[in-house]
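The same chain A turns up in both complexes below, where it pairs with chain B and then with chain C.
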Partner chain A sequence: MSLGEAAAGGASSTPGRRLRLLPWAPLLTILAMLAPVAFGLGGTLLPALGWLPALGGHGIGLDAFRDLVAWPGFPRAATLSLTTGFAATAVSLALVCLVCAGWQGTRAFTFVQRALSPLLSVPHAAAAFGIAFLVAPSGWIARALSPWLTGWERPPDLLIVQDPYGLAMIAGLVAKEVPFLLLMTLSALGQVRSGQSVMVAQALGHRRTTAWLKIVLPQVYVQIRLPVYAVLAYSMSVVDVAIILGPNTPPTLSVQVVRWMSDPDLAFRFQAAAGAVAQLALVVAGLAVWRLLEFAAARAGRRWIERGGRGCGDAALRAAGLAAAILVSLAIGLGIAGLAVWSVAGFWTFPNLLPDSLTWRGWARHGPEILSAASETVIIAGAATSIALFLTLASLEAEHRHGLRPTRRALWLLYIPLIVPQVAFLTGLQTLALSTGLAGGRVAVILAHLVFVLPYVFLSLSAPWRAWDARHATVARALGSGPDRVLWRVRLPMLLRPILVAAAVGFAVSVGQYLPTLLVGAGRVETLTTEAVALAAGGDRRIIGAYALAQTAAAFLPFAVAILLPRLLWRNRKGLGHV
Partner chain B sequence: MSDATRDGLRLEGLVVSHGGHRLLAIDDHVRPGEVLTVMGPSGSGKSTLLSVIVGTVDPAFAVRGRVRLDGRDLTGVPPEGRRIGILFQEELLFPHLSVGGNLAFGLPPDLRGRAARQARIEAALEEVGLTGFAGRDPATLSGGERARVALMRMLLSEPRALLLDEPFSRLDAALRAQVRDLVFAAARARGLPTLLVTHDATDAAAAGGRVFEIGVPVASG
Partner chain C sequence: MMVSPMKTLLAATLLLLAGPLPAAAQAAPDPADWDGVLREARGQTVYWNAWGGSSQVNEHIEWAAREVHERFGVTVEHVKLADTADAVSRVIAEKAAGQDQDGAVDLVWINGENFAAMKEQDLLFGPWAEALPNWRYVDVEGKPAVTADFTVPTEGLEAPWGMAQVVFYYDTARVEDPPRTFGGILDWAKANPGRFTYPQPPDFLGSTFLKQALIGLAPDPSVLSGPVGEANYEKVTAPLWAFMEELTPVLWRSGRAYPQSGPRQVQLMADGEIDMAISFNPNEASAAIANSELPETVRTFVLDGGTIGNASFLAIPYNASAKAGAMVVANFLMSPEAQARKQDPTRWGNGTVLALDKLSPEDRARFDALELGVATLSPEELGATLPEPHPSWMVRLEEDWVARFGVAE
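Let's turn to the complex of A and B:
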């Protein structure tokens, strides 16, 4: 600020030394995101081809792939990756379209928005545990229906969670991806004047839902294509949700790769690398197929529009959309409630809806471990978020000061870490770390989290940052303030809320990371997420409930701060628009 | 500041182009206390001209010629060193600062001491009939009150020239004449060369000075 003050007095135009670093911020940001992905992919590909000197692999060949294909579970695991990924993405997208098509601009839509938005911060693992508790044979759904409807006097012997078709896993993914896609769609809707378009189409005699699907969807889809690809790639290769809700014998391909990576017999590393490459290939093929489906859907859609039908079943479609949205928020909401109840449950007889007794014993016994995992989680998330926020603000400010234009290609770069499957490059990073002796540090984990935190922080902050009326800066500078003073005294305070929200998003993303913590931390860095997922196999609901609840709280509390703090600080400032 | 150094605002052979396409050209001298009105349809580059003078022009525009204020060449001088005040169509009061905070923002740092600065702000508010408004949230002011605060904020920074980017077009007719008269009177009283950009003929007539028409509309403006 002293710099700005000095420049304000005179006509000095030489920028300080610090300013000259600013133009490098965007490049540094891209490097922080993409260098680990690139090195990781290399570190996966080489051992897959047999080259890993640390483990005595010097030859180049396809032995690892031969071993992979020889694994009897391979066809099933690969198929599961495709089916669960496509089903979860298609269902999520369809639900989001139905809700928006049927209800955009209504009060119910505002309600749905309010109900679904907070779910975004719930970590995948916690949501998956919550749903697992809900649908399990001894879960709330079975209890609510027993014995009057089902006749069950004790929990039935049914494989609902971890079913061989991955249906529970698909449900878990849908519940988490619907809020994400809805938020992305909402921000896209603002750009295409959807309300007016629908009104015009309605004036031409189309019903609301069909009008939206015919007119708005084609425009919106272009805007949300990258997020949809990210959802597809994520759903095809997710590990933590698959461990909790997915099938076991065999598991999905990504889960199997992680099992091989953690095998004490290091020889399995080659096979793991080959599996990771196969997972990458599957995702690339999946994206290509999805692209073809887009073409086909566009063709069919054009024909549908040209036929000029005015649509039917409007009421049914609208009802289905709303019901699905409510179901999603209930599934996660009740799931979290279930986690909370289980964490303090004593004896809990079936089919009672509530435990016979409550006890803090679980929390008391595991309190110290939960606390230590929570502090590790907060340190890592705090560090990764701070770095991400700094790089993002520096990049955006560099863009502003040097007149750089955000390009379509830059947007693609942001999505690369979200589209390349985690397992494909994180295994490579672990292998590289193993070869260089750097594995297992907290710093390495922070840098790995940064790869995923950065895109979300950037995506969350860039829109409000760029939407800020730059004439405020012109006025402030004409009043004698240098660029630094404008940044610190005008822009940052005015954008306090979106900055805090972006930080909260970044924090939640870091809290939810399972695979980067596990693989880059070499199993030695223990966060709430790694501990909770590790407990999945044991099946002790009381401990799982406690860990998953702590994980949810860690992800959610920063959002509460992000919303409450500006209200407190700017309570007498209506112009900042959050009173 | 002696009157000998008061030469006003000179636009010397100013040519602004975008991608090899000439957007506007102007060569003029706005004397202290004089108002030059620049008129033209939207897209004709009026706002670009202002951004050239104030020093915030987008690097995508190529600028030839120079801007002089009271004899001083402003080429390469950052906006904060130019001493050119600007008023936009919206008041752009900083929403996180109180009315007094907004005025203090532009008050030069060489006026020292809390009490002295506060007294200066109170006096400025009194001058425009807003006595006791220092603690108010700008969002609670009426349109006319906001316009007056924006004017005083700009004047407190002691500019030596004044740029007006359609500053009255959002006010309703009665208020519009009132605010317009206040701004022009303030500019005349302080002997500020003033450049008014507008597409409204009544604004131009009220300004009473020369009118400069710029170019045919182009898409990139």
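Let's turn to the complex of A and C:
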């Protein structure tokens, strides 16, 4: 029996009033996500083609693209976007696979999971600042080794951070994307009988890592494909991490677009729009190439499986996976610790490992502002996440009850807000907010955040939701429960963990938003992120440290709930906790 | 003048068609009627868009907000910008969307090319600044920069509220005798590779470094006061680019990376990565020492022949919601009390736009009571201020710099 048949049966037997509204939920969800993107893209495409009457652009032509290509940094900026995006995504995915393949089901895996999961909540900007301070020539690593080992009395003149190849930026992205992909993989692993499969394969003589890669990875990858694409699109077009860790001569294309957008010479708006369109094209092309690589990997993988080797180098692979996981958690953990120390630092001479003096002045001075920004952040993130969760659950349930089987095209609709680079539709969103009279308010910001929060919530939740074994529903129906009762008493409790994880992801996504908050909020809506980035221009690590910590805390709490609550609630239900 | 009945009828019909008159179409507040402005301002909320990257500056703005609220009933919300151009973008977007009133920006801290751009696009309300009650104290005669923003006449469209001058700071523990000319800077940098840098243009301070170098190196700096189109650009800038070609390889990170803002240099200096840096605030080093951001051995110096000075301004966008409130805030910030507080080196230490000889003895005493910071030069030591070149020079210099050094391999 298929999911669709069961769902269709459920829908026809109970024609309640509420159920007649339910079929519209997917459409409403798609509208909430895509209408702003469509308007935003229009607001970008038209100026790219020369149409922006307020700035005297009335003609249609390709002048803006000619100007874009004439910019001497264009080839390098575009190449950087591709190389950093691909490297960050491939390395992150490989590390996650290694960790899961080598250690799933062991005590070390539980440890790695506990160490990495909270890092997901660390906002990108905070993580990037932390890592920059760790690896910079004047950073903690250099301080720890100086002068006794290196002989450095002063920081060496080495180009480590903001290197022209974007290596520091790739490292920063990997450190942030590994926890994200790992959590997505964990949600998916709960739906695949990976433990048993690996055990069977091991009984047939396969090494642990080989068994996982051959049997579990193909099943899991299907479920984490959407997050992987999101990571690729995000890494290719990220702005804040690129500003902090990426090169500047020239910067990546997205960063340059943002710079052109804020250039006082308004003529650059056209060029910025053209750059945004080029960035969009790059991301689409990047995804196409990735898809081709998937096919190639699948072919190679099948041949590998058919050859029937039992695997070698298992110990080395396992060690590498564990080492990488520890390195990632150390990088972010120490980075955040560094920011914490900076937030209370007095003067701090190189190469001292700790500040010369400590002071609470930064916290005392900025405490009230941090509190008010924090409450604004929580209100916005809470509202956006609640709406996103409600729409997502309604859509998925409608899909289930009415047999609305998601087509491939519908899936791609969901990708759009994650694939379209933020820079590509922000000016358009601003115009939209203005023309609907929502300009400058918290409501407009919440709706703008919803565009980014919804896809993440949907992506996190839809796979485990759809992979839920519908026979549970059949059994419950056979025992006399209606579809509502099945939803509330069986499905939601069983899926509590993925639901909470999805909410936490949505919350963290909202907390980290900078450009949408600034532009749609007309600068009037001050969240921890907008404040931190504004202060980052000042470069004072003490204040950045204080804000970054507050920002991290705001994003962290929901994750703590997502991890702890199911354990607490289902402590008497071994199968539901699946830790 | 006679108005024909037909025209009156037509106008009335149009008015009916157009619906109720929008608020902004009603009389804009007139600063000549100051009591009227104060009445209208009471209860308004002014969204003041100002660079938020410095805690000293933010603190001064908070103080002003408290005072203005207590005295005039005007609420001030500081919208902290990473870049002033964000506020300009906002106003442009509003204009594009046809929002010609109730805009989101009421007051903006602005100068230079942002002002030139907004003025050219008719995005500013006014003139109003020269009708403010406190305008009479402004040093129009002694500080030409208060009425010519990067040589562009302000024409009352913006009110000056601070003076800035280029200085350099250095660590006496590592540099004995800082260079006073650009030739000297080059020699010093060659002798100490990797220990000098400047913010990456088009950051305004980085661009200022280019302009300061151009003034110091150009055969005839007088052409800089006119638009770049009227001068022989190649010839005027040739010595500058020759200088930069020699300097870049011996810069911090060999010129393959640059600090992204002025304050970032403070951190580099504190970490011991660089020994010398440019600043647009003569008090920056003192304030940073007081905040444990720089070692106590840091001092300030200026170049022989003077350094660039300019004024910071406050402007009101054409579609601002609280124009009266914005004027009240600007007038308060120009008051001797606020100006003296701002000049206090233990707070912000930003120069005043007022002429001390125009002030009452009590007000002048506020300024006399201020003590110079440990690393701040006296007005005599600061020496002559040089005018900013025409904004068009900055645009060309930035473009050229990006093409030559901004996209290096």
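Just so we're on the same page, the second predicted complex is superposed on the first by the 401 of 579 C-alpha atoms of A that agree within 3 Å, B and C clash if a C-alpha of one lies under 4 Å from a C-alpha of the other, contacts with A are read in each partner's own complex, and residues count from 1 in each chain.
Everything below uses one rule, namely that a contact is a pair of C-beta atoms (placed from the backbone, for glycine too) under 8 Å apart; a residue touches a chain by one contact, two chains touch by 3 or more.
Bear in mind that the values here come from a model prediction, so they are computed numbers and not experimental data.
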First (chain B), second (chain C), both or neither touched by A:359: second
First (chain B), second (chain C), both or neither touched by A:326: neither
Chain B versus chain C as contact partner of A:476, first or second or both or neither: first
Touching partner for A:494 - first (chain B), second (chain C), both, neither: first
Chain B versus chain C as contact partner of A:573, first or second or both or neither: first
Greater residue coverage of chain A in the superposed arrangement, chain B or chain C: C
Partner chain(s) touched by A:305 [first = chain B, second = chain C, both, neither]: neither
For the chain C and chain A complex, residues of the former touching the latter: 47, 49, 51-55, 59, 77, 79-90, 92-99, 104-105, 113-114, 116-117, 121, 193-195, 200, 202, 252-254, 256-261, 263-268, 270-273, 292-295, 395, 402-403, 405-409
List of chain B residues in touch with chain A within their complex: 51, 54-56, 58-60, 76-86, 88, 90, 92-96, 98, 105-106, 108-110, 137-140, 153-154, 157, 159
Chain A residues touching chain B - in the complex, by the definition given at the top: 4-5, 7-13, 402-403, 469, 471-483, 489-490, 493-494, 496, 570, 572-576
Complex interface listing, chain A residues touching chain C: 52-55, 72-73, 76, 137-138, 154-155, 157, 159, 161-164, 243, 247-250, 259, 261-266, 269, 345-350, 357, 359, 365-366, 427, 430-431, 434-435, 439-440, 518-519, 522-524, 526, 530-531, 533-543
